[in-house]
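Which chain is which? They are A, B and C, in the order written, and residues in each are numbered from 1.
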Amino acid sequence: MSNSSLLRVEDLHVTYHTPTGPVQAVKGVSFDLGREKLGIVGESGSGKSQTGRAILGLTAPGGEVRAKRLEFDGTDLLNADTRTMRRIRGGGISMIMQDPKYSLNPVMTVGKQIEEAFLVHSKDSKREARRRTLEMLRAVKIREPERVYKAYPHEVSGGMGQRIMIAMMMIPEPSIIIADEPTSALDVTVQLQVLAVLDDMISERGMGLIFISHDLNLIASFCDRILIMYGGQVMEECRAADLAQASHPYTRGLLDCLPRLDGTREELAVLRRDPAWLEARGESV
Amino acid sequence: MTALALRGWLLAEVPKSKAQARCQRVFISWLAFKRNPVAVIGLLIITSLVLVALLAPWITASDALELDLSGRLQPPGSEHWLGTDELGRDILDRIIWGSRITLYIVGLVSIIVVPIGLLIGVMAGYIGGWVDTVLMRLTDIFLAFPRLILAMALVAALGPGLENAVLAIALTTWSPFARIARAEALTIRNSDFILAARMQGVSTAGILARHVAPLCMSSVIVRLTLDMAGIILTAAGLGFLGLGAQPPTPEWGAMISLGRQYLIDQWWVPTMPGIAILVVSLGFNLLGDGLRDVFDPKSGG
Amino acid sequence: MIDIRDLDVVFGHGKQAFHAVRQVSLAVEAGQSFGLVGESGSGKTTVLRALAGLLDRVATVSGVMTVADETLQEQRSKSFRRRVQMVFQDPYGSLHPRHTVDTIMSEPARVHRLDRIEERVVSALEEVGLDASFRFRYPHQISGGQRQRVSVARALITDPDIVLLDEPTSALDVSVQAEVLNLLMRLKREHGLTYVLVSHNLAVVAHMCETLSVMQNGEIVETMSVQQLREHSSTMPYTQQLLTASLGYDRAAIDAFEEFGQ
């Protein structure tokens, strides 16, 4: 793992102005990302997805993003102009979302969509785009790339759809991938197969990954480092290997309330939410 | 109950009865509706229509049926604000009395069309199979007729008159509502809450009445308000052809029809009722748009 | 209590026929919790819905199903509908959006002409940990976990013997899941219920059930006790793979995954 940070986030805030008052979706989140797999885990409403979107400037209209620093590879993302952001999205930082049913264009063939993603960030010919696309489909372990190239999104399974998404997001050769619940809609075996593909590609290319999920076990077994979020803030940060020794009561609560295959059939420990956790922690870890 | 207490009751966190919960929902929908100025304009127009119709005996100078041949075709002025028609009757008064007829038409058509359309639509959509096929073919038949032609045919068979015109309009208007209700029913029928109702042993009739139909109401009501304009215009058209309200009834369409020969020199005779139709149709359209924005299910409306 | 023999469920006809469930047989004793585990498309939810009698217009169901000594006919009897209830997966979809909690819960009582409806509603709400203030709220005004509790409360109104659970906690946050699972366990003990639980989550099934069947492609691959599952004493490769996958990401293990395709 290299020492240089690809992404630096310092005191990120995302606030939505609603008719009933401001809602703080993200309250002072800070972290650095190197060439590693960073997991952000939290329940619904924890702000994990909002964090991912804020980095790419994809916060929904009505949301205000503020931070002390939001820097990718030396470029300031907060004040970047549209042209710079367009270059970075896809070419520098890419995003994989949850359900390929909704994130792939249903009226374009798979091949065309991936080519488009390629051509946006390079000035190569169409022939080169096609060659790269097929190469990418092979790289994500799709067995019949020619057939899938011509297929429409609804003709492929969920797992294959996500692999296509990965291909599409990797083809412009970004340095960072933000994956927002990329496997939540998939069966457990397919989930792991898709993650294996992602894992291999990230290692090969020396990329950074931000993996956002609600699945603590999955993140613990897949990622290198973990951020646990609650109420828009980071409760705890630890190495994945050290998760069992986590100290924050929220993390412990999450760990303890999970049913386990090797557990007893006693009552599950119920998470007791302490309102103190929601208090602004100022500069966080 | 003071206004403040009422507002408190309507915004209370915990409703204490079904009635209170319902009122709260309506109130919240109203607050959402109020935020759209155009929709409020529509509501104002329609409310004005209703008020004018109700207060007709008190706001008109005459009963608008008396002839005054010496004062015919007077232009708009201080004595007759919108002028007089070819028989010397005050046009403003006739328009005001005519609002009653407009409301009568619109109300009667709605009462006929909504229940029939809903019933046929939810049955076809929920039950499916041959019931769906038969009911939809029936709907298609009625949908295929151009409104005016069918209306003319009916009136030819039944004789001219306002009620027959209303019947004719109703018969040509219900089909799209059945389609809308059917489309909603199709979407809903595999929902978990319907399955839950079946799991409880609720009869098909019960499911249609208490579960499916209430969810179709919003779309149907929005469609109804948007169709109002068309209904009024059809009635006006029938009146124009002499097939609807018969003279001397001050129905707006009939007024345009009888007045059209004066369009060039005494423009106000057909134009004023025309403007009335325009304003009311616009009002219903704006209201319908506003309702559609409010009835988004996520806002709980 | 529940006996299913050679259940077959086919959707559609002729060329487009889809055989969702093939020759499934299982038995559940009174007071037991039986788990049906599988991935999507395995047919587990279809089996549950076939048992519930919810497939009558959309699929062809054959086989013999017996519940409490009553052989199930195509149209379920009133007594079946009283003693067998179901909790659905999606807390956002299983409650009618325009009905208050009170209406939702009174409905089964009305259908079965039970007495003291209001009392039953309030007491069922209390049993699931919701106080009476929830009675007149609409579903969109309460949280996902609370909706699931309402779903469970609704299932209790008719004092059933059997509750069918279709992924009851899959759509809930982990902390809320724990509460709901605890609730279900407690209610089972207090009311002597029989559960059939469908889930894709082996840990949940291991926690809640004594026996389970693993389904794949519409068929039962293996039926075993949860004890056997924990001891990894399964003989079927599919079950073993499912078990491995449930333990988390293991790069080496994934390479060994087989495709158990159609």
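We take it that contacts are C-beta pairs under 8 Å (C-beta built on N, C-alpha and C of every residue); 3 or more make two chains touch, one makes a residue touch a chain.
These numbers were taken from a predicted model, which means no experiment stands behind them.
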Touching both subunit A and subunit C (chains): none
Chain of greatest Cα-centre distance to subunit B: A
Between subunit A and subunit C, centroid-to-centroid distance (C-alpha), Å: 32
Whole-Å gap between the CA centroids of subunit B and subunit C: 47
Distance between the centres, which are taken as Cα means, of subunit B and subunit A, whole angstrom: 51
Where subunit B touches two or more other chains, by residue: none
Overlap residues in subunit C, where contacts from two or more other chains coincide: none
Subunit C-facing residues of subunit B, complex: 14-18, 20-21, 25, 128-129, 191-193, 195-202, 206, 210-211, 214-215, 297-298, 300
Complex contact set, residues of subunit C against subunit A: 39-40, 144, 173-175, 177-179, 181-182, 185-186, 200-204, 206-208, 229-230, 241-243, 245-251, 254-255, 257
Residues of subunit A defined as touching subunit C within the complex: 43-44, 158, 187-193, 195-196, 199, 214, 216-218, 220-222, 253-254, 257-263, 265, 267-271
Residue ranges of subunit C touching subunit B (in the complex, touch as defined): 49, 52-54, 57, 76, 78, 81-82, 84-86, 88-90, 93-100, 102-103, 107-108, 111-112, 133, 136-138, 140-141, 151, 154, 158
